[in-house]
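A, B, C and D are the chain letters, set down in written order, and residue numbers restart from 1 in every chain.
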């Protein structure tokens, strides 16, 4: 089925222009002197498929970066063990983006022009994605992001940027509203960071709640750089049934603890997004107050009775135990709700490359078209989080979401949304843009 | 919540912030005042204090009170040792040139942050508070530990004040601050005073960090905000005025809490920031400054 | 030809906290004069000239220069009107060449509107100022590397570069050797042909040799005023100052 | 002697521009774009150098001037369809206006107080990008539509065009720095840096000179901010953060404060230090940190500053 072409001799993918010849000359002249000037051979059919992996190793995203890294390596290993892509091994070229949009763009450039990577992939934080995407589009290198931001589907980016591995925030938030309204209460107060990400939560959840006959009665935006939250709690209006919280950054433990100190035993229902507690043990001192509260999870951290064999397989391969911690260190908690996106995205890249008959950077446009034509993804080893539906026009995938309740020191899934719960009207048709 | 209790709550929160800020800023103020250098790595010392506190508590595994007390002793000492090393190996060789010191301490900041990331990791980790006591007021509950932080900070500051005004070492420090050339002429070992001041400043930051870690968790990037706030406090208070530093910390801590009552949070931060800037515009030497910058 | 009043003060006072450093001084200074201002340490001499040059604002009183009330003018504007001040503690720009130091003093008045001065003209003017103080050969030396005496001369050259109507010299001979002082005295006499000079000086030989008139300050007030001979004979001055 | 120095310096700077022009034909694609970026960032550093290096105004708020240009160009593109030429002009205007306004207030202070006041204003500007998140999308930022990234019909995302525009910007800022350093005004600025009071007593309105220097510096920063947005297509709050106030200070100090080419040398060095070290280790900040400490120990006045002191006194 997979056609493997292995020409015997090197051949440049595109024609050699005068400039490129000069470039090569200059490159050769300096490559011996400067380590940064090493010229990489053009991709050829016998060589590995190079996947540039933009990773948050330093900066505020480092907790996520570590686990994105592990998941990606595990997925690449699995793909290579089972024959690679089009018979060629996958090589992951990882580089730190410092969780910074400027450096992120530079790293994408480096993948495209220095390493001769076939595709770029990886990063989580939206500002890094948005800072890098224009460069990916200009360099015409497919850029697969695992960010859960709405930036891809909103139409802000370009045809070369895709998010096939994780549902976007608009869809996530919208699919939570019916359950929250039906089970927790209709009057919601939202506490969110005064970031674009927080504003997305505010806007999409408010709209979705209104559609359910509910109402968001309090909107409390926490400024960036805040490290103490107690003084904001009095702004929570009386009559709040549900407190909806989404925080990003290391301040979350403080947030929860102070919430506990503020409310004591008389608390409203609490519903939160796990984002802030990724890589944090739910049994950490100070988090006792979360007992009985609810969380959105992209993928349930604790193995559930109803978990699939695919999930078990995925856990084993990445090295995560049934509590979501590293098998080597039970104190090392994964970012389980998000990192599956890396695993699944790599498998989508594989699927796309194989159906496009991808041979090298000259086939990047074909790869984009091949991925755009994907629709259904069945739950499988390649998609352990569950079945998904990819929208080729908006470049965004839609999947199931989970709601878990904290109980007995675990997160127990109480609801799984239908994929359709997260659908919304297309806001862009990237396929109409030129490749 | 009614206005009165809300105001009380904001004031309490402001006071806790001020207590920690005052300690950190006091450390910076000493370094700034005596050595006339901008130590960009001061926040990194703060962070280092917090993660060492976590490490001590985690390694000891004793009860919360014992672990906390051990951290309160070990962490400042360790941070002070790092500071002495930095002072000897780097700052002294730069002859405390103000501009070179900025670059060198930025470098130091990067090194400390990266080492923290590689050893401690990117996650935020909590230390259990030594006392678990919630004060239930008629309108809201409040952490007993936070009240303890305020008290502890006052005790440390009184001790520093006593040390500076009533001991020989304090006298040498003040003499050096006043005029290092003359101090040298009076056989004060200025080099050693500099080393001591730099270490002591770092230790004060570390004490502030140990106090804050049960409230805020240790994280490798946690030093940036204390650094900025400390700078602001030192300048607003007036360079060289310890009393001014402490008062400015109280003013800034409290106003941060109280302004948040009246405005939306981010707007409150913008306003508070501009107010501080305007204070300096109107009083360029700070509220209690005698020396010019 | 009757001498015109160049500078006068009325009840000029400066209060520092509880100290009245300058106390209701009314003072008249004629065009073409070399005036020495003397007095014991702490008499308020430097404070007084700082009030004249505008470095500090007065608590009370007025300063009139060339018929214009300059009391409210900032220092730099007074310099532009012709009051030049050379510092008691040498403060040439140590990192620049001697030439650049003098150019700095001259270029503002030679500039027209937004444009800088004509470089050739500026060069000429600066060089002639350096020549007058005898530093032309050291034009390219970095000022900070010059000897102390030369730095003082450079200060004077900068004063000349300003082409002032009134040149205030604050203890110009302090720290100079006898030969250097002799050179200096000649120089001041020469300068006085084009500008009026107000001299604060401790060295009585210099004062007596140069000044047409001497004003004696004591505790912020004018104690006496007169020719060198009159001052030398003045009992009050002897008590307060010379007789120590 | 002077004029020979002047010629030597002119030849050097024209030569640098010529070499940078020639390099675009031989550089590998990756370094081609890197150099374009470095030239743009170095232009920002040169703008900073006017205030800090030449006038001695240690500002910790230049990110706000850069961001003013970036957002002026970006927001007007996003909401009013203004393309690159207009964007660049708006960038200059925004940087200039903000610097003049901030200068009027902040220049009442000196030394560390000035540092803190500029820091606070910049922090307020940074927070403002969040407060007006409805338009700016806060931290996330937004992409400038590519059809607006055209300058006189040239598409700025085209590598050769980008390089050329970056080089032009660089040459312009270099020329401004060179002119300021050489001008009689530059002499006054240097005098202010050395001894403010003495300069005042030579009849200069020190406040006004500082304001003009800061305004030029701010206008340059604004121009570069707008150019950065137009060349690389992204506008975000990161560029208004304290980090981007510290970077130009660091670049200038590394290369040599009050040297015309120092900002470029510092920016180039820091860029490749980060780039090369992060290619082989994730501990890149450790290497950068140690390199900074090492460099400043051996070159306390920055690379060109120390060179000027030791070997080449003619360097402007």
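Just so it is clear, a residue touches a chain if its C-beta (ideal position, glycine included) is under 8 Å from a C-beta of that chain, and two chains touch if they have at least 3 such contacts.
From a predicted model like this one, the values you see are computed outputs, not experimental measurements.
Colleague: Go through B-D and C-D and name the pair with more C-beta contacts between its chains.
Modeller: B-D
Colleague: Closest chain to the overall C-alpha centroid, by per-chain C-alpha centroid: which is it?
Modeller: So the chain nearest the centre of the shown protein is D.
Colleague: With centres defined as the mean C-alpha position, give me the chain B-chain C separation in Å.
Modeller: 49
Colleague: On a C-alpha centroid basis, what's the spacing between chain A and chain C, in Å?
Modeller: The computed centroid separation for chain A versus chain C comes out at 74 Å.
Colleague: Please tell me the distance, in whole Å, between the geometric centres of chain B and chain D computed from their C-alpha atoms.
Modeller: 32
Colleague: Would you kindly tell me how far, in whole Å, the mean C-alpha position of chain D lies from that of chain C?
Modeller: Here chain C and chain D have centroids separated by 42 Å.
Colleague: Using the touch definition from the top, which residues of chain D touch two or more other chains?
Modeller: Residues 127, 130-131, 284-285 of chain D each touch two or more of the other chains.
Colleague: So which stretches of chain B touch two or more other chains?
Modeller: 114, 117, 266, 269
Colleague: In their complex, what parts of chain D are in touch with chain A?
Modeller: 25-34, 37, 127, 130-131, 133-134, 137-144, 146, 157, 232-234, 236-239, 272, 274-276, 278-280, 282, 284-285
Colleague: For chain A, which residues count as touching chain B in their complex?
Modeller: Against chain B, the touching part of chain A is residues 58-60, 62-63, 65-66, 194, 220-228, 230-234, 250-254, 257-258, 261-264, 279-280, 284-286, 333.
Colleague: In the complex of these two chains, what residues of chain C are touching chain D?
Modeller: 53, 55, 74-77, 79-80, 84-85, 87, 91-96, 100, 103-105, 107-109, 111, 116-117, 122, 140, 158, 162
Colleague: Which stretch or stretches of chain B touch chain A in the complex?
Modeller: 1, 5-6, 9-10, 13-14, 16-17, 114, 117, 121-126, 128, 134, 136, 140-143, 215-217, 219-222, 225, 257, 260-261, 264-266, 268-269
Colleague: Tell me, which parts of chain D touch chain B in their complex?
Modeller: Listed in rising order, the residues are 105-106, 108-117, 119-121, 123-124, 127-128, 130-131, 242, 246, 249-250, 253-254, 257, 283-286, 288-293, 295-297, 300.
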